[in-house]
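Next up, some structures in structure tokens.
Two complexes, one shared chain (subunit A), two partners (subunit B, subunit C).
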Partner chain A sequence: MGKVIVCFCEDVTLEEVRRAVKEGYRDLEHLKRLLGIGTGPCQGKQCLVTVAKILAEEAGFDPSEIRLPTFRPPARPVPLGVLAHAELEEE
Partner chain B sequence: MQSSRRSDYIIVGGGVVGLSIAYHLARLGASVIVVERRYVGSGSSTRNAANARAHFFNREASLLAWESLKRMYRLGRVLGYNTLFVRRGYLWLFYREEHLEGMRSYMKTWRELGIPEGRILDVDELARRYPFLNLKGIVGGYLADTNGRYHHDAVVRAYWKNCIKLGVQVLEYVEAEKITVKSGRAVGVETPVGLLEADKAIILAAGPWTRILAKTAGVDLPIEPIRKEAMVTEPLKITIRPLVINTKVNAYAQQTLRGEVLLSSATPLDVPTWSYQHTYQFPLRAAKAMVETIPALAAVNWLRQWAGHYATTPDHNPVLGYVDEVEGLAVASGFSGHGFMLAPAVGEYMALLLEKGYLHPVMAPFSPGRFREGRLIKEDLVIG
Partner chain C sequence: MRFQLMTLWVMGFPGESRILLSFDGKRVSASRGDTVASALMKSGFYTFSRSLKYHRRRGYKCGRGYCRACLVEVNGIPNVPACITRVEEGMRVRSQNALPSAEFDLLSVLDKFPGLVSYKGLYEGLPGKWFVWPLSWRLIEKLVGLGRFPQEHGDYGKGERVEAEVLVVGGGLSGLAAASLLAEEGLNVTLVDSMETLGGYARLDPLEDAGLHERHEYESPQEAARELSRRARSAGVKILTSTDAYGLYPSKNLVGAYVRESYRSGRHLAVKFKYLILATGAYEEPGLFENNDLPGIMYDYGFRRLIVDHDFKISGRVAVVGRGWRASRLAAFLEAAGVEIVGPYGDLSSKDSERIIAAYGRKKVSGVIVDAGNRRRIGVEYIAVAKGFYPALELAAQAGVRLRFDARIGAHVPEHDGKLRVLNNVWVAGSLAGYLSYADRLASGLLAAYYVLVAEGRREYAEKAAALASSLRAGVLMSG
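Moving on to the complex of A and B:
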């Protein structure tokens, strides 16, 4: 089998995820920080659930035990200029 | 779990500070257990902006930071794991003549301390070197090119791997609940997996949570969890080399090692809270400040914002060393936003204090007792 890409933004392969789990990185946060999964333009919307499932299989976890990293704004990329010209209301 | 529940030292907090202390203690031959309530690095160690500087506006912090920066330069080689340090420099932009003059005169202090003092750049030189800057209202800049950035996750992993190699037990998802004190001595840490006993000392390196744990031993440390926010864009070719600081509104922008633009700004919502919740006001404020400073940023896509803590003390300087009230209890916290960059030196000095009884003169001014004794560290210069 050729390369299987699991994170399209950062070009991370299935093999890289498996190898990292074998090395002892058994937390999505650690995999994210080691491999860069979920840090590209989609911010994990395409890859994190897939990687969670791979982690569960490789490490023998129940998928429901795996915590996903926090999802944060924005929901999709926004140019800084749009923010810079927004009205800023302070309470 | 077959691992031992007893060791020379128990360190609470698996962030870079706790791991650096653990690494240096283990190198001196001590046995160490590190307990971390979530995953390794999960507090400020994964949320920080990954910059290191030597230049602070008081002598005590500058000396400690310089010692740490020198260690940061060679950390990758020492730990055998690339920590990706680059000397990108810090560029402060000034909007008021008196701030520029204040900086010019403070450079003498750094020189006296043996710290490379950097240099003042006039507006022409700023325009030449940094064509992306909007110089409107700027009277000059100060460039400290000894300073730079590291990869925070790589640094944490480097310490973590070395700790494991040296036999340190690093327990993730184990929360320290209470310090057990017997006849005036801290002897153990209560956790959901049982009591962890320390033969020599317990070290609190738990960021702002240090205060809560210290309280269980009857010790009050003035450390507040001030929320700070940051945001990041899509990656671009590296153009903005130094960390660019807008001193008018206390905001900054820089590029990470892979080119994302990382922005931050002080906001009125930097308040004490345990929450890591982001605010909608922060990205508006940071973008406004830094698009004004670097207009081309207007076209760059924002991808993420997040929040972390500055574990802040009354004098904005760390709390390092044994507490006076209880025997065998030490602290390394209250870094007020500078813990990561100080971790290499602090880990070494704390280990010397704990294992050798040697209080390094560079660390001595940061004693926990200073707040009670009224020996706060004074800022010599305030900019912004």
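Moving on to the complex of A and C:
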């Protein structure tokens, strides 16, 4: 059996997400901390919606009840050197 | 070696001047328009690196810099996205997270023993044996990880501060429509887009679109993208391409962005805005089936881009995944380009009668298993995934905009006040706002621009906005 990947950055499988929901994890933020989804180089741009759908299906939620995790800058990867050289606002 | 050099030189002659680079020590010849990703794939290298935990093969997927599956090391700089990095003469490209190389990675045994590299597996597998934990942790930290430390320093300028009356983030149909209208109305407009060429998805879709034609008089999304880009330019919009807006700080009316100049250089950009239009577009939904991460499996945009921008020759069959209008459009596009396709199929997430349940292949995809009551193996060279798309809502969400689940698109969208406004001086448009069809996306960009003009005291636009809003509502109902 091949793996069905839902988070390509952190190699998290469909199986693992389903199991975690069965074990009682009911929140994307918790699944993120447990499995690492959304914490890799793409920062959740591919996995979040899929995982939200699996959660809704397995836990019998209405998708509108699902809370997305907190979003923080940077929305895209930025080399630290760019920020270090930037003249940011002095206030 | 000399012989190899000779043949490459001869092959590249007389069409155009060739660029030589290397990948894990092997020579790769590219043409000027190539990105590192397209050059590698044209030379038959589909595995760029290995995934950081199970060391599975990773390569090109989204084609526009967000999935980060294509990261490679270039001249000692790690984590360079190959799909948005132009080839340069003499580039030394190396695969990441692989020992000794992405093609033959000894660490791929971890794929067979997942417990070894999972903290959870570790806890479950070693109950009570606390004394081995520190050792195992150290081992995990050696085996998994992303890239090597930089061997070179990047070259980053001092950064730039820009004041804009209007900042538009995203240069797809909606962003372009908004920016060009506002500039034509005399406002000082800055537009940033993460790609090198403006036009978003529409740019890669040359087939006729009835809605666009009826409501906006463009033949095709591609023509609309081209025409609107031209208009934005001639109206004097300050355009910054290859620029990633990474942060929105609403209390300071500030957007932070990173202008990528090359794989090793770039500069910071801070844009102070009076009005902001977010038209950041959408990401694509991955296919769900076994081995859905094999190289050769790409998203709609990435697949189109190879053909349109890089003149990539598709040899062999392509399986299309997705059941909506985007999958049908992709199928039609591929057929028009003379590519043999199978599908479109559903996948494990759909209840379709014909679903792809698995892909197979050793180094890249070589076939799919389709379940249609009975199971069939079909040989294919590529899989193009065109399922749903979901809003790129990071900037809005960072700024504290409430998110609302939109059942029509099956994903969250920023919640607006009914007039596309999400914050006092911030509007959303296009697929970010949940609009699906090209015609609606374009119209919502215009509408956002109307609202900005109204906010700027241009009363004559209030009526226009009301009319367009109601036709857009009707349009949305039709496409929903």
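To be clear about the criterion, the second predicted complex is superposed on the first by the 90 of 91 C-alpha atoms of A that agree within 3 Å, B and C clash if a C-alpha of one lies under 4 Å from a C-alpha of the other, contacts with A are read in each partner's own complex, and residues count from 1 in each chain.
Methods note: contacts are C-beta pairs under 8 Å (C-beta built on N, C-alpha and C of every residue); 3 or more make two chains touch, one makes a residue touch a chain.
Nothing here was measured: the structure is a model prediction, and the numbers come from that model.
J.: Using the overlay on subunit A, decide if subunit B and subunit C clash or can fit next to each other.
T.: Subunit B/subunit C on subunit A - fit side by side.
J.: With both complexes overlaid on chain A, does A:E29 touch subunit B (first), subunit C (second), both or neither?
T.: A:E29 contacts subunit B only, not subunit C.
J.: Quick one: subunit B or subunit C, who's touching more of subunit A?
T.: Partner with more touched residues of subunit A: C.
J.: Is A:A84 in contact with subunit B, with subunit C, with both, or with neither (first, second, both, neither)?
T.: both
J.: After lining up the shared chain so the two structures overlap, which partner does A:K53 touch, if you call subunit B first and subunit C second: first, second, both or neither?
T.: Second partner only, subunit C.
J.: Which partner chains sit in contact with A:D11 here, subunit B, subunit C, both or neither? Use first/second/both/neither.
T.: A:D11 contacts subunit C only, not subunit B.
J.: First (subunit B), second (subunit C), both or neither: which does A:L68 touch?
T.: Second partner only.
J.: By how many Å are the closest C-alpha atoms of subunit B and subunit C apart after the superposition?
T.: 5
J.: Once the complexes are superposed, what residues of subunit A are shared between the subunit B interface and the subunit C interface?
T.: 34, 40-41, 43, 70, 72-74, 77-79, 81, 83-86, 88-89
J.: What residues on subunit A touch subunit B, complex-wise?
T.: 27, 29-30, 33-34, 40-41, 43, 70, 72-74, 77-81, 83-86, 88-90
J.: Can you list the residues on subunit A that touch subunit C in the complex?
T.: Residues in contact with subunit C: 1-6, 8-11, 14, 34-35, 40-43, 45-47, 49-50, 53, 63-64, 66, 68, 70-79, 81-89.
J.: Give every residue of subunit B touching subunit A within the complex, in rising order.
T.: 39-42, 46, 153, 157, 172, 233-234, 263, 268, 276, 278, 280-281, 283-285, 287-288, 290-292, 297-306
J.: Within their complex, state which residues of subunit C touch subunit A.
T.: 51-54, 56, 58, 61, 65-69, 71, 79, 111, 120, 146, 153-154, 156-159, 161, 194, 244-248, 252, 254, 256, 258, 266-268, 270, 283, 285-286, 288-293, 348-349, 358-360, 388, 390, 392-395, 397-398, 403-405, 407, 410-412
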